[in-house]
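Below: a set of structures, written as structure tokens.
Each of the next two complexes has subunit A plus one other chain: subunit B in the first, subunit C in the second.
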Partner chain A sequence: MIEEKFASGRSFIHQLDPKIRIIASIILSFAAALCDNLYIAGFYFIISSILITMAKLKWMDVVNRLKPLFWFLLMIWIILPLTFDGETVYQYYGLRITVSGVILCCKITIKSITILLIFTALIATMTVASLGNGLHRLYVPDKMVFLLLMSYRYIAVIEEEYKRLLRAAKFRGFNPKTNLHSYKTFAYLAGMLFVRASLRAQRVHQAMLCRGFNQKFHTLDVYQPNRLNSIFLMGIFAASLSLVIFEIMWI
Partner chain B sequence: MHISEGVLSGPVLASGAVLAMAGTAIGLKKIDYDRIVHVAILASAFFVASLIHVNIGPASAHLILNGIMGLLLGFAAVPAILTALLLQSVFFQYGGLTTLGVNVVVMAAPAVLVHYLFLPLLGKSSPLNFTAGFLAGLFSILFSSLLLGLALWFTDENFFETSLVIITAHIPVMIIEGIVTGFCVTFLLKVYPEIIPVRKK
Partner chain C sequence: MTDNSSVIRLEDISYSYPGSNTNVLDHLNLEINKGDRIGMMAPNGSGKTTLLHTIMGLCKPESGTIEVFGKLLKNEKDFIPVRSKIGLLFQDSDDQLFCPTVLDDVAFGPLNLGFSPQDAIDTARNTLERLGIQILEGHVTHRLSGGQKRLVALAAVLAMEPEVLLLDEPTAGLDHKVKEKLIHILNSLDISYFVISHEFDFAKAVTDKIYSMEDGKILRDDEIHIHRHEHVHKHGRHPHNHK
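== the complex of A and B ==
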């Protein structure tokens, strides 16, 4: 159920330093999020598609990954054109579809897909361990990085616990329906997850102390400084900056 | 509960990010290294619990449980929720980088609020425990959907109807989350009361 599908790969993007990828994705995502022009948003979309191609990801997998977003976009397309004020493009009895509503929907669609593509191409292509390493070298507080790495490590374990509990409930004839009994069962199941998580945390903490944990995580990954990293970052920076300036001058 | 990318305006994104950072800083300050493993593994439990789907008639909704997180962790819920949301985006791509701050505020601010409102009521009598849990679950989702609506409304006043639709759509979720949180709290108080930081007099 939980896997890092894109993290293993041998493309150019996969070889970049996590730190560089995090900075690049922040710059590019915010530039795309703040852009307010449909055509410029199109340019950002092209850049993000190029990044996906550079990371050699299968488009089918990427589209599958964006499924939750599509439901949201569907909702937006149903509500916004009908509720926005502006020039009417089509009228059917009481329902008016406005131009500004449709344009806004297009903008939101392109921008949201673009930002998620950037995230997929640059961040989802590294393991959470590398992400933690990158964040650490970007001076994110130690405790935050610790939290991220530790909960990442234990998600699979807790998920196993959850599956075991659910299996046990099903063996006893549990069939989820819309009734109080089902909600109660799920509540106890979630409660048991929290109990087991807490008990496990105590054991893990004791084991860490036994092994001399001194509040520091050491990373084994070493990234060689490489000129490609800075060229990539400069490229992303220049592209974003020129699009931002272009938008300001143009409008 | 997530707000999607590409919708919110710059000022809303920026204030979300700043508030989330401030909350995370306070939360991290309150976690010492003896408790950090506990917070981290509870964050993974929170992540897994949000994969539980419950039926609502023909549809289904996943549990959110930020109310429970708030009750159990207080301010430490902010970094825990940030962690869970970041991992969710890495694994499932629910949301990306620019809305992370706003989403953390939407989920974590109600959690912290619920902690201070309803934790003092726990541990007195069992009907009161369930009621306090129910209200914690209900209010955490209510506040979250209100914050989400506000974020949209501050972006553009034309989003008012969309906000109303979102808040209305969450009413069944509020009730279910209330019931589940109520049962969960009574269960925890019976089975493992140490996990709930009830203030000793």
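== the complex of A and C ==
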């Protein structure tokens, strides 16, 4: 259900410490999100493309990943240019397309694609397990890390259970339609799913207790401190900082 | 500890589920000694799983005493050190495998015992190798097949080097090949265990004595006669009694 398609590479990015990659992606995406200039946003886009190239990901796969975002952007492109106030570029009877609307659309498009590319290059290139590990070492509360890891582990099981219930319903002639019976059936399915999920949670907790779980998160990954990690982080930090300063001072 | 010393001793244990009047366990007594290989065959709902969970301290009995390795266990705190010495294999392996990869999962117990990551990895690898499933090491747990899940769950339990194993229907839903493998593994262990099973052949192959449960109490070998006889005769199609 959750594919970790990009996590298995061997590139320079893949070898970086998850902790470093998380920090770098946070710095870069904040800087990109807060910039207000179209050209500067273009620079961030270039940086994110470089990162994707460094991670040796196939552009085709990356673009496929971005598909849901494109639908969202399409909606913005339809609505914003027509509804934003400003200088008119094109008028067709009552419909006016404004310059500022188009510019805003461009900014949103570039910034959102940039941020997703940053996360694809830096975060999607690690397994959920290493992500949990990295977050743990960044002092994210253990409970949050567990929540992440457990959801990752059990979403598939819960989906399987949902499918099983639905199958059982279908085998007995259930044919979803727009009527009360169908709604009721789905409500039963959802309710049953909650009951099963909570029972499962209880059993998992018991299994964890049996194996000596004491509310502490231990992990197997050992990352040796590596000069490349700090160089990479410094590079990202310097790039974002100089772009931010540039924007504040000269634009 | 002498060879015959008691590992687990339950005395006068009673337990009923909240909101129910009938006792699932009713003044039950059970003793597991070192080196014991006990099978347990009893109908569904007779309290077998509850019994195992009581031993692990997951169900709190209303009366009676639980003694493990000669120590009386009263509250949650007493049970914590004991849990690493008793390995419980759950009925549903999906409950037991909660880490992203097989190696993570098998190393979870050793890490909790305070092993360093490297030692935990070594222990986990050794255990996987012992069960002949070292190739599964990097696999994602929820994508394993049912048989693989059961073997990995067993590895996870064995990695903690328990002194007693409690197995809750280890063969449920497994095919012949995995069952054979389980029989082989269990027979090669030199620790005592207590196996719940519905399968006579399996129980016979891995245990020395078979207990049963009735009305919340344990029935011993000499009180029960579980046996199987297959036969053919000409009245086979009609209901009949054997004297």
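Some notes on this structure:
FYI, the second predicted complex is superposed on the first by the 240 of 251 C-alpha atoms of A that agree within 3 Å, B and C clash if a C-alpha of one lies under 4 Å from a C-alpha of the other, contacts with A are read in each partner's own complex, and residues count from 1 in each chain.
One rule holds for everything that comes next: contacts are C-beta pairs under 8 Å (C-beta built on N, C-alpha and C of every residue); 3 or more make two chains touch, one makes a residue touch a chain.
Note that the structure is predicted; figures quoted are calculated from it, not measured.
In the superposition on chain A, A:M150 makes contact with both subunit B and subunit C. Once chain A of one complex is fitted onto chain A of the other, the partner contacts of A:S182 are limited to subunit B, with no touch recorded for subunit C. Looking at the shared chain after the overlay, A:A129 reaches subunit C, while subunit B stays out of its contact range. Set side by side, subunit B and subunit C differ in how many residues of subunit A they touch, and the one touching more is B. Touch criterion met: A:R200 reaches subunit B and subunit C at once. Contacts of A:Y162 after superposition on the shared chain: subunit B is touched, whereas subunit C is not. Touch criterion met: A:K111 reaches subunit B, while subunit C stays clear of it.
In the superposed model, A:R211 makes contact with subunit C only, not with subunit B.
Judged by the touch definition given at the top, the superposed model places A:L220 against subunit C, while subunit B stays out of reach.
When the two complexes are laid over each other on chain A, subunit A has residues 128, 150, 152, 154, 157, 200, 204, 208 in contact with both subunit B and subunit C.
For subunit B in complex with subunit A, the touching residues are 4-8, 10, 13, 24-25, 28, 31, 33-34, 36-45, 47-49, 51-52, 54-57, 63, 65, 68, 72, 79-80, 82-84, 86-87, 89-94, 96-98, 158, 160-162, 165, 176, 179-184, 187-188, 191-192, 194-195.
For subunit C in complex with subunit A, the residues that touch the partner chain are 53, 56, 58, 80, 83-84, 86-88, 90, 92, 94-96, 98-101, 103-104, 107-109, 111-113, 117-118, 120-121, 141-142, 156-157, 160.
Within the complex formed with subunit B, the residues of subunit A that make contact are 1-4, 25-26, 29-30, 32-34, 65-66, 68-69, 72-73, 76, 79-80, 83-85, 100-101, 107-116, 118-120, 123-124, 128, 131, 141, 143-144, 146-148, 150-152, 154-155, 157-159, 161-162, 176-178, 180, 182-184, 186-202, 204-205, 208, 215.
Contact residues on subunit A toward subunit C in their complex (touch as defined above): 127-129, 132, 149-150, 152-154, 156-157, 200, 203-204, 206-214, 216, 218-222.
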